[in-house]
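In the two complexes that follow, chain A is the common piece, with chain B as its partner first and chain C second.
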Partner chain A sequence: MHWIIWCILGIILTPFLGGLIAGVDRVVTARMQRRVGPPFLQPFYDVLKLFGKEKLVVNRFHGDFVLCSLIFTVASVGLFFAGQNLLITIFALIVGNVFLVLAGYCSNSPYSMLGAERELLQMLSAEPMILLSAVGLFMVTQSFDIATIITSGKCLICYLPGVFIALIYVLTIKLRKSPFDLSTSHHAHQELVKGISTEFAGPSLAWFEVIHWYETIFLLALLYLFFASTPILGVIAILFVYFLEILIDNINARVKWELMLGSAWVVTLVLGLGNLMLLYGIQHI
Partner chain B sequence: MVFNIYNNLGEVKVSSISKSPWIIHYDGSSCNGCDIEVLAALTPRFDVERFGIINVGNPKHADILLITGSVNTQNVEVVKNIYNQMGEPKVVVAIGACACSGHFFAECYNTLGGVDKVIPVDVYCPGCAARPEAIIDAVVKGLGVLEEKRKKMKQKK
Partner chain C sequence: MNLAYFLILFPLLPAVLLLLTKNYHLQKWIVVISSAIIAAASIVFAIQHLHAGGEYINIISTTPNILVTIGDILLALTFLFVCRKLPLKRYWIPLLVVIQYGAVIFYELVGKIPETTHYLYVDSLSAVMALVIGIVGTLIAIYTVGYMKHYHHEHPEIKNRSNQFIAAIFLFFFAMFGIVFSNSVTWIYFFWEITTLCSFIMISYSQSEEAIHNAFRALWMLLIGGLAFAFAIMILADKTGTIELQKIMMMKQSIVLLPVLLLCFAGMNKAALYPFGNWLLGAMVAPTPSSALLHSSTMVKAGVYLVLRCSPILQNTAAGGMVALIGGLSFVAASALAISQTDAKKILAYSTIANLGLIVLCAGIGTAFTLWAAVLIIIFHAVAKALMFLAVGVVQQQTGSRDIEDMEGLIAKMPLVTITMLIGIAGMFLAPFGMLISKWAVIEALTIRNPIFPTIVIFGGSLMLFFWTKWMGKIIVVKQRQHGFEKGIGIEWIALIGLSLLTILTCVCYPLIGKYALVPLYGPTPMLSYGVEITILTMLALMLLPPVIMLMRHKHLVFVPPYLSGINVTDPAQFRGSFGAPEAWSFRNYYINKFFGETILTKWTITFSLVLMILMFFVRSF
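For the complex of A and B:
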């Protein structure tokens, strides 16, 4: 029974927390650019407005794909907070992402198509590292169960510093921040108009935002797992990492996809896999 | 900050569209004077994001269409296309003398005159070039119209 309550709490509270984080993100970004910036609740105003707008969908499958994406992303967050299997939650998140790509492929708009293609490239760059982090957590705690990982009491970051740093690197891709905001971005550089979300209008764009909030919280929660034995340090680490992401977002320009894919894989192999090999060596000698 | 959030929560119910008007900017056949002033409104000095205003490049995401310059035979289809791609409720703001009436290009053989010859305009913002303060004022004026249109849309449902 205990885990069902956690699951429901996670699903209900996540959009509020995610929206608030997005709002703080926008204010901090504005302050970095010497602007005043919008109110903290601006993302909620945006989403509420979008729900009230006219539905302009070019393909009748578009709405279904967005709904499927929402269901899988919400399910992955729910399972995460319920303390279930880490691998299942990561796979559910990936499936949710794939449905978003399908929604992007729905229309014939070249911007939307190219955005969807780039979203696939982003997934190809980021997902290996996210899966490797699950493997790393397994090697230390001998379990994929999130509840077991949290209660293991081990200092996971001490065993997996390389994995953690590599995870921060791919976090920039998953959070759609510069320099890796290839498929779509919250900012004004409009090389692809709006990339994958070009054909999202009104309510479906609102769902797109809500899905992104869920994704953000999932990834931050994944980072928290590394500090599960010391909760206060974990919260501080998450805040620091998110601030770092905003800073990186503001001082970098968008890169080409070759550089994103290459650098993400090099970081994954060197820091992620290197860390795991060292750990294996230490455990078995 | 906590108090601020609490205050804001009460207002969410009232209206969210006038708190997050996203604009799209189209340059008809302007001399770029008004365009520069529109973009100046986005800079740190004027910072329209204070009002939740974002400049988007996609008509499907936009609520307010800002047009600078008069409409001519070349771009009349483009203007109509952008207008039709925007979702209801939407507002059109004509920025500058050329967009309002055609200004001194009104009698030219190749221009059709002001923007209102082609699509319905809700707010006129005169000036040559219109100042950023005037542009922000016009957009804020447009929020009232946007709110009315939203109410009408709800009544229709």
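For the complex of A and C:
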């Protein structure tokens, strides 16, 4: 029954870790811009303050969709830490994203709807590579079960370097970092007001942040799977990748969605599928 | 007497009765009662046969065989009669009829067709198909009665022949049950061509110029499939000495591959895969119930059913790989094309082609696991797609438009219909509903093979996610409540609510379907393991939460108008701009025509699929 313990631990600890990462992100970003930046715990202060605010809503269903999104995002993290099937955890994450998009639509606000539509485009760009990485992990370990993948003891990154790099590429899209922060942005320079989160205020904006923390941890955990045989290297790799994401975020301007979709698919096909085809070729000679 | 006979023959009775009466109430009762009988019979039949292995039903007498021959002759004459008004330059349409029927009837009369007594064969697959036809199909039939009344109310210029239309639906059931129970290829061919005829009758129903044009396009495209079928029969009769489908599937690949490929060709043609996708798109001019019928439980499903039956021969051949690629191409291309559409029925049509492509992809690979996934897709797709078409039909009748853009804020106009629609859409792509379970199974099943196949499924699935979610978003935009749009929907509710419940029920019961229907056919699969079932049940339980959350009353909400980058005026569709005057705003979805438009994608898809089809016949020697 220890998978239940893992599941509960994952669900409880994830927001703390996610918030901490967000805090580090803000400090590092500030230092890159020669600012001092907020304290490390600022994201927690922000979220706690938001929870205490008035519930400003455009209609009574708007906040509900955010909650639904939260439920499924949390479920995906829970399933992940419980070591369940990797595909279904990704699908659960997708359901969470879909509810977020629906929240954007239901507001009947043009900025929010356009942000929702762009969030869909971001999903269309990133989803194939994320699912393909699951396929890659299966090809090496012969299993979709996360528990089996972790205990396989194989050097997964050695078999799947292309998949890993392509995954880092779409990670920028999933984390909504520049140059791919089309649907909503952490930075103030957003031409869509605040995109999909325009109409979120008070508690629903707080939940939106928490969802983002969960999502971040899910994606980083997915990256960790590639290093599951050497945990220390895995943690170092994740820290490095996240630092890389912050760097990319700070030195790039937002691109048009055509470039995002096109480049993400090209990277997926060339690096992701290319890696898998090569692996398939080696396995079947 | 075996229920299989009953299921095949009984639908003829309401068909004949309906031809005799024009009275609406009489029609309604004939349809409701006979639908109930067919549904009940198919359920009993399924209970009898689901867990059992395959079983032949012997027919000692030669009378049925003679009847089929006579039926073939009558059908040929009917096709020629239908073609009588065609201009001379389209001589090749009747020519297609003359060649295939000339050959088949000649073989039958001369006695070249090998004798057999195993004309019928039933197993779990036939039972599943019977359930789909018997339940989803009859719900559509019930809906049709109400729909046609409205239809003629709205279109007084069209002559009211709704009794013929509904009769054609029952004739369709006759043909479909015939196809799924027959073991003799000549019998399947007979029923096969009846479905072609029925769809012709339905598509041309309004007799408008466009309808007749599209009906003939469907006819000639489908007749090409029939021609392939006729060739297959001749080769089987000459070379292999048997016309029993089950026996053929147990023979050596090298001997029967060509006729089996011809049968697959006919199946893919009927399933409207590319390059033949256009007949299904053209079929949209018909009244909506016929689209629902063609797309969900009948017609196209007959096509994929035949390909599924052929899969034992296709397994591990290069030709089978080509079949899989044609399916995969249709899956990705049709999903992409659906993104560029605003017409709800057209989106549904493309998504049908896509899902059938996925089924054929599974059948072409032909391992137990992929076949398992394919049958699941058949079930889930039939239910959800029928629901979607019927919901769109109702929306069109009540609001006068089936454009997605006009459906903005539908939830405020027709909340109940919108909820059924949301269930239908969720059933088409969202975890943990039906189609996603099967897509999951497909990815798992295909990953063991070449990684190119799961990649196809993943890309197609992502495209699908895009167009379904933006449709979903459009209808749930919360606007001012408008009353009165759901008045006047009568008997249609039975179908809408019934199919919504079925969409959820099939999903909840998926382990049962897997265990009782599919394990006897294809053996145990990893998708029935304890862990997977627990995960899906968890997801399903979580899916109960959204409706609960939506129904809960929230306290302390402060309502504000949406941010419009200007001063809001009382009308939420307007804001006060920098010049002080109220400005209207509107929002349209992305359709991404420059990537996924019909003008760009269609010709490439057709070219590629033609190449793949030609390759399919050429690589068979490998």
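Convention: the second predicted complex is superposed on the first by the 285 of 285 C-alpha atoms of A that agree within 3 Å, B and C clash if a C-alpha of one lies under 4 Å from a C-alpha of the other, contacts with A are read in each partner's own complex, and residues count from 1 in each chain.
In this text, contacts are C-beta pairs under 8 Å (C-beta built on N, C-alpha and C of every residue); 3 or more make two chains touch, one makes a residue touch a chain.
Model, not experiment: these values are computed from the prediction.
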### Task
Based on the superposed arrangement around chain A, label chain B with chain C as either clash or fit.
fit
### Partner, of chain C and chain B, that touches more residues belonging to chain A
C
### Query
Is A:G274 in contact with chain B, with chain C, with both, or with neither (first, second, both, neither)?
neither
### Task
Tell me which partner A:H62 touches in the superposition: chain B (first), chain C (second), both or neither.
second
### Message
Quick check on the superposed pair: does A:V36 touch chain B, chain C, both, or neither? Answer first, second, both or neither.
### Response
first
### Message
A:E54 in the overlay: touching chain B, chain C, both, or neither? Say first, second, both or neither.
### Response
both
### Query
Does chain B (first) or chain C (second) touch A:E199, or do both, or does neither?
both
### Message
With both complexes superposed on chain A, which partner does A:C106 reach: first (chain B), second (chain C), both or neither?
### Response
second
### Task
Would you please give the vertex angle at the Cα centre of chain A, with arms pointing to the Cα centres of chain B and chain C, as a multiple of 10°?
120
#### Entry: Which of chain B and chain C A:F44 touches, first, second, both or neither
first
### Query
What's the minimum Cα gap, in whole angstrom, linking chain B and chain C in the superposed view?
5
### Message
Give me the intersection of chain A's contacts with chain B and its contacts with chain C, in residue numbers.
### Response
54-56, 193, 198-199
#### Entry: chain C contact footprint on chain A (complex, rising order)
54-64, 67-68, 71-72, 75, 79, 84-85, 87-88, 91-92, 94-95, 98-99, 101-102, 104-114, 116-117, 120-121, 123-124, 127-128, 131-132, 134-136, 138-139, 144-145, 193, 198-199, 258, 261, 265, 269, 273, 276-277, 279-280
### Query
Which residues of chain C touch chain A in the complex?
409, 430-432, 436, 440, 443-444, 447, 450-452, 454-455, 458-459, 461-463, 465-466, 469-470, 472-474, 476-479, 531-532, 535-536, 538-539, 542, 545-546, 549-550, 554, 556-565, 572, 585-587, 589-590, 595
### Summary
Note: in the complex, chain B contacts chain A through residues 1, 4-5, 8-9, 12, 16-17, 19-20, 42, 44, 47, 49-52, 54-58, 60-61, 63, 85, 87-89, 150, 153
### Query
Inside the complex, what are the residues of chain A that reach chain B?
26, 30, 33-42, 44-46, 48-49, 52-56, 188, 190, 193-194, 198-202, 205
